[in-house]
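Here it is, the structure in full.
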Amino acid sequence: MHAPYETAGMADAHITVTCRLFARYAETVGLEECELELPVGATVREAVASLRRVVPNGSSIPEQPLVALNKQQVLPDHVLLDGDQLGLLPPLAGG
Amino acid sequence: MHAPYETAGMADAHITVTCRLFARYAETVGLEECELELPVGATVREAVASLRRVVPNGSSIPEQPLVALNKQQVLPDHVLLDGDQLGLLPPLAGG
Amino acid sequence: MKSLVRDPIDVSKLAEAVSSNHLGASTTFVGSVRRGPEDGPVQAIEYTAYEEMAEAELARIVSEATERWPEVELAVQHRLGLVSVGEASVAVVAGAPHRAQAFEACRYVIEELKKRVPIWKKEVLDGGVERWREDGADAEGKR
Amino acid sequence: MKSLVRDPIDVSKLAEAVSSNHLGASTTFVGSVRRGPEDGPVQAIEYTAYEEMAEAELARIVSEATERWPEVELAVQHRLGLVSVGEASVAVVAGAPHRAQAFEACRYVIEELKKRVPIWKKEVLDGGVERWREDGADAEGKR
C-alpha cells in the first residue's frame, strides 16, 4: 500500500479513494492497490485520469477501462465519495 | 401372432401388412401384433379403420392415431405396400 | 453406445463419452421422475418403447443435430423399465467448442426426442395403482 | 456453497446440491480448458479474480435468475488458480420442474457470468510462456 498520491492541489477540499488493480493492469503498473486524493466532486473518469498520471507506467491503462465502485460496475460520470473503493478491471475473461 | 384378418373381400388383389400395437393400445385391445389383409392401394387410414373393425375392442383405438410405417411416422393418406410394418403409437411420452 | 438402457443412467460416464480436449463447453440435460404435487403420489414410472423405432429415431435426431452443428458431439440415453422417483429417465450431453452450440444442440435433441421418439410411461402410484400418462404429444391427447 | 473454488469442481456433487424429488429437469453447463487448434499449445490456464466482487456479482446473478424463474434452483462454481487442459473451469446447474426453465436459467447464469463477473485468465503455453487472454467482454478488447 502506497501513501496517497496527492493530486488535488488543495488539501482542504479533497476526498481519498482506494483504487485496486487486477490481472494485467496490476502487472503492467506493478501495483495492486493505491490511494488517490481527488477534488470533492471528482468522477470515476477523473480518478482514472489521475491514476494514469501518477502511477508508474500509468499510461498502459486505457483511458476508459471497466471500473467497479464498491464491487459493482459503474459508469465514468459517476461522482465519487470519500472512502470509495474503485477496482480497475481488465476485459473480463471468466468462464 | 394371429392369422391374417381377411378384410379385402377379393383374395386375388390384396396386400398383407403387419400391425404392431404399443402401450395403452396393446393393453386395451389385448394384442401386440396382428396381420391385416387389405386391398391393393389401401392407405394407412384404411388399415387403421380395418384394424378397428376386426380386433377385439378395436373402437378403443382412435380413428387417427399416430402411425409409424417401417419405423418412421407417416401420414394417413400414405399408400401401403405388401409386407409393410405399421406401428400404432399412443401419444408419445418419452423424456 | 446404446441409447435405450435398462440400468440406471450414469450421467458422468455419458458426459465423459463426449468430452475431449478440444471441446471447451458441454451442456447436459437430465430428466428425472418427479413427485410433484400436481403429479399425485407417484412412486415410479415404467417406461416402454417401440424399441427398434426409438433407436432409429434417436439416431436420426442426433444425425440432424450433427448436420446443423457440425462441431458438436452428442450422447443420449433413455431408460426403459421401472424408474423410481428421483432417478434419471433421460440424459442428453452436447459437447462443443463454444457454449451456444452446446446449449442449442442439447435442447434440440431433448425437444425432438419428446416429439418423435416412441416411448410411453405408466405411472405407478402409492398403493400399486397404475395409470398411463400421456403428455399430449399427439393431437388426440389434447381432446 | 462457495462459488469460487481452488480445488477441482465436482460437477456431480454440484448437481446433487440442486436435485430434489420435485425437480424433474436439470440442465448443467460445464466450461473447461481446451486445447483447440486456434488456441495454440495451451497447457493450462491460471484464473484470478477480484474475489469479493466476483462472489457478490455471482450472488446477484443467481438472485436475478431466481426472481425471473422462481421455481428454479441454481448452483454455480468457478475455479481459481491453475486449471489444466481438460479440467472444468466453471459449472452451472439449474434444476426445475420443467425443462424450458432449466435451460433458460442455466444459460442466463453463464452468459451473465461471462459479461459481469471479474475473473481473468492467463494462458500457460508449452514451454512455460504465459500470456493474458482477454475475450473482449469490454469494448477495449475489441479495438
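Labels for the chains are A, B, C and D, by order of writing; each one numbers its residues from 1.
Definition applied: contacts are C-beta pairs under 8 Å (C-beta built on N, C-alpha and C of every residue); 3 or more make two chains touch, one makes a residue touch a chain.
Just so it is clear, the model here is predicted, and its values are computed rather than measured.
Q: Show me the overlap between the contact partners of subunit B and those of subunit C.
A: Chains touching both subunit B and subunit C: none.
Q: Suppose chain centres are the mean of their C-alpha atoms. Which chain sits farthest from subunit D?
A: When every chain centre is compared against subunit D, the largest gap points to B.
Q: Nearest whole angstrom, what separates the Cα centre of subunit C from the Cα centre of subunit D?
A: 25
Q: Give, as an integer number of Å, the spacing between the C-alpha centres of subunit C and subunit A.
A: Distance between chain centres, rounded to whole Å: 51 Å.
Q: Starting from the mean Cα coordinates of subunit A and subunit B, work out the distance between those two points in Å.
A: Going by mean C-alpha positions, subunit A sits 77 Å from subunit B.
Q: At which residue positions does subunit A touch at least two other chains?
A: As it turns out, subunit A has residues touching two or more other chains at 95.
Q: Considering subunit D alone, which of its residues make contact with at least two other chains?
A: 31, 99, 110
Q: What are the touching chain pairs in this one?
A: Pairs of chains that touch one another: A-D, B-C, C-D.
Q: Give the list of subunit A residues in touch with subunit D in this complex.
A: 20, 22-24, 27, 62, 64-66, 68, 71-73, 87, 89-95
Q: Tell me, which parts of subunit D touch subunit A in their complex?
A: The touching residues are 31, 47-50, 52-54, 56-57, 78, 89-90, 110, 113-122, 132-141.
Q: Along subunit D, where are the residues that touch subunit C in the complex?
A: 11-12, 15, 19, 21-37, 85-86, 97, 99, 102-103, 106-107, 110
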